[in-house]
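Could you have a look at this structure, given as structure tokens, before my questions?
Labels run A, B and C following the written order; every chain starts at residue 1.
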Amino acid sequence: MLNTQGRPTHADEIDPVAPATFTGNRALEMEEALIFETGRLDATGVDIDEPQPFASRLGPHELKTPIGLPGLTEPETMRHYVRLSRKNYSIDAGVYPLGSCTMKHNPRLNEKMARLAGLADIHPLQPFSTVQGALELIDALSSTLMALTGMSAIAMPPKAGAHGELCGMMAIKAAIAAQGEGATRNVVLVPDSAHGTNPATAALIGFSVRAVPANEEGIVTAEAVKAALGPDVAAIMLTNPNTCGLFEREIVAIAEAVHAAGAYFYCDGANFNAIVGKAKPGALGVDAMHINLHKTFSTPHGGGGPGAGPVALSERLAPFAPTPFIRRDGDRLSLQEHDEGGQSFGRLCAFHGQMGMFVRALAFILSHGADGLKQASEDAVLSANYIRVCLNDLMTSPYGDRPCMHEALFDDRWLKETGLTTLDFAKAMIDEGYHPMTVYFPLVVHGAMLIEPTESESKASLDLFIMTLRDLALKALAGERERFLAAPVLAPRRRLDETRAARQPILRWTKPPPA
Amino acid sequence: MSQLRYSKDHEYVRLEGEIGIVGISDHAQSQLGDVVFVELPKIGDKIAQGGEAAVVESVKAASEVYAPVSGEIVAVNDALENEPSLINEDSTGNGWLFRVKLANPAELDGLMDEAAYQEFLKTLP
Amino acid sequence: MRYLPLDDQDRALMLARIGASNIDELFADIPAEKRLPGLIDIPRRMSEMAVERRLSAMAARNVSAGSVPFFLGAGAYRHHVPASVDHLIQRSEFLTSYTPYQPEIAQGTLQVLFEFQTQVAALTGMEVANASMYDGSTACAEAVLMAHRVTRRKKAVLSGGLHPHYAEVVRTLAEMADDETLRLAPDVLAREDIAGAIDNETSCVVVQSPDFFGNLRDLTPIAAAARAKGALLIAVFTEAISLGAVRSPGAMDADIVVGEGQSIGNALNFGGPYVGLFATRAKNVRQMPGRLAGETIDAEGRRSFTLTLSTREQHIRREKATSNICTNSGLCALAFTIHMSLLGETGLKRLARVNHANAVALADRLAGVKGVSILNECFFNEFTLRTSRPAHDVVESLARKGVIGGVPVSRLAPRAGLDDLIVVASTETNSEDDRAAYATALAEILS
């Protein structure tokens, strides 16, 4: 009935080249101006009634000039940000194998729980009697993290991984000062392969950084650590599993050597997700370790935060934890917000840390349970190794053919003859609908490609990913350079001129001069 | 134009009287890629051979420039502020970084000449 | 397990392909005696329904702000957030994406950050803003370190009107970095002589307005005094909505402006996550911490956005970075940007007027309660009460009567002789009934 005019119901073969459009849009993919170009100073998407006349108490401080903030009505706002969102890749839409970043599934139950009025609509300075459930939740998460790490205390305030590092290193600095060695122990050992946050953190609080080399197998040996230790060393910052995706096999001996030299062992817990339920950092001799709740326990990355970085502390460091911390008197919970006379090193942020992330992380942990968390670690490691063995006949690994933990590391030696770079290969993955792996990190591996599939991919998804990478690798090795050099061609944008961005930085919109 | 002398950190110095003109080698600029920013010393600063004297930044890297010779800074290349690309275009000419009044001209003897530097580059991975 | 797609058959096939006979072979690098033989001693997996029940029970033990007359501020404020904001930030493409390191497939996040930076710069009256910090307090501490870099001096002077927790965060970081802080005594009436505390060693003065006690301060003479000694003025705010009603810190010559952005787009969340705002003059941009989005073009010449000036940051500069910050508050910044776009200048100014009107109405009403005096001359939506009984007891008694009435100053500044002061805030969410309930309860307690 509807097709009575004989309209064709199949697509004829047509020229595959997309036509240039008047709008610049490509069907579902739309160009979108800045709100400063489309918004209007008199437009608003929020209906608020003007107050009744009253006597202002602003005095001479009253604002009398325009601010320059355009507004949009609600339908315009929805369209603007929905269109922008569609220019983003996301874990919900596809494989996001960023090594070290841990892009795993973000359960929506966690979002729902974090929005319960009893958890989201409470103020950090309410009387304790009105937030007993919130304190119970923080206490429950902290106890669970102690069980998982085998450590004595958890400092909950740090707001991200790097903030956690700062917290742990401050506790160490305070402990050393309390021992009367503040003036002499001022060096921190950091392996070359460490995250940039490690040396940056150590330097931020006045330590100087001494590099420790990894061996040809990509791990730090106890021997290398011993050679770098001395009476001037305050701590070592060691990532385990390390940034090459390897478990530091000599970690126990390293911890013993560090302790024997009177120093502390800070473990960067960015990769804790590989060993949750398989080993406890506390048993390995760790004195302090941050836990990235946004990695290991899947609080969403949100385009770059917020994170949360609670720090597990050993018994020796626990007294130096920052304020506030939870106190329990019988059934009643409260926060100790000051520590006069105590040894707390001070305060890290205005309130008690990332409550919204605590709710999500606890929901994730409760959902998995002891069995699910262990299974998740095993699946993550299994998937990474599966990728590793399925690619290592074509791509080169810097540290040979041995099992990895949760991420598989390749270098660019296999590309040498092709004249292509790691970046070219990564950009070609974009055209195939994949987010590239982490590239050029760790810095110690030339042209590094670090692939972390996490536990969230099905076998079918892993197989397609592997076949795609194999196909690309074979094309690269066969000399099909152009597709790589031009890539991406199918993304919302081609490669960007980053030199231009840095040479003449434009960091905000400004009104163009009148034509 | 007098001869360039190179350090192992890829800085060069070219002597003009008792003043040394310092920059990074052509090899160094090609390794660094597009230079986007240069942090220069101040006139009057005293620098020591091997010490940090400037920073040259590309999009993805920041490299310290170590003083190839000791002395006092007598001029800096202000043109780099607006045109850091001069280093990519002409690192040993218009892309110079600073001029230093040499404290110890004998230090020059420890540096490589053009031929030795080219040989040195061949030994790098 | 509902979140794990692999089944036992998949696992067996994958192990076979790897050439391992069991999963523990892949964990062989963990010393055998350290490998856990069984399960960790926490409960086993729970269904979605069971988790929901457990967490809902915890939530039910809290008094949510929306359920009672509620007047807390002191660094976190309850505002109405339009429903569309929360809907948009939960879109998969925003919620489940990473830091935009591959700009070709992250233009959404990058353009949002560029809009955010522009909004923050306009709001604070500054030239450039970064893509956010963890919260206002950490932004404040980072600003002090930045001032040290810019001035090559190491002594910060903190106003007695600065939020006490912000002052502690600054002091903690500064002490750890072996820098000096001079913290002036709590300044309830905004009468301190801060200019007199600046000397030739001072790197910066940190002044908050509206301050912790609610006072509005003129920063212009402080900026001049700082400049005369070669120091910077760091202006701080904790209530971003105030910038819709009072002169911007930029207009008062601040060199660095930091603040808490939670009020716009973000819930109270018991203290986090929040969004730190950080703005400064263009000449200082290379000393700025945190990520920056910038405009450029792509290979086809189309306007595009990318993270830029990254050489300041830890992943490139390592121990020479301007800060160790990596993760910021991307999603909270998104909420801020969307809410601000909805408000626009018109909405923001009107919202600010309503806040101020409600606070004035509350102050007038409470001033009529016997045993209460209001200490502020000029204020925005927050002010300080002096009560005839200890503030802590008053606030607890109010809570028992179902009114969350304010923050006792002694909770943040104990043993400072300020035990009779309560900081009270009022926003657009308060009604006439709320004010009446507060005044009635307070009168009963103080009678």
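By our rule, a contact is a pair of C-beta atoms (placed from the backbone, for glycine too) under 8 Å apart; a residue touches a chain by one contact, two chains touch by 3 or more.
Worth saying up front: this structure is predicted, and the values here are computed from it rather than measured.
Asks: Classify the inter-chain contact topology: is it line, ring, star, complete, or other?
Replies: complete
Asks: Determine the chain that sits nearest the middle of the structure, using the mean of its CA atoms as its centre.
Replies: A
Asks: Is the number of contacting C-beta pairs greater for B-C or for A-C?
Replies: A-C
Asks: From the C-alpha centre of chain A to that of chain B, how far is it in Å?
Replies: The computed centroid separation for chain A versus chain B comes out at 38 Å.
Asks: Using Cα averages as centroids, what's the distance between chain B and chain C in whole Å?
Replies: 44
Asks: Using mean C-alpha positions as chain centres, tell me how far chain A is from chain C in Å, no decimals.
Replies: For chain A versus chain C, the centre distance works out to 20 Å.
Asks: By the touch rule stated above, which residues of chain A touch at least two different other chains?
Replies: In chain A, 498, 501-502 touch at least two other chains.
Asks: Among all residues of chain B, which ones touch two or more of the remaining chains?
Replies: 36-37, 57-60
Asks: Residues of chain C that touch two or more other chains: which are they?
Replies: If we look for residues of chain C contacting two or more partner chains, we find 311, 316-317, 320.
Asks: Can you tell me which positions in chain B touch chain C when the two form their complex?
Replies: Listed in rising order, the residues of chain B that touch chain C are 36-37, 57-62.
Asks: Going by the contact rule set out above, which residues of chain A touch chain B in the complex?
Replies: So the residues of chain A touching chain B come out as 440, 498-499, 501-503.
Asks: Which of the residues in chain C come into contact with chain B in the complex?
Replies: 286, 310-311, 316-317, 320
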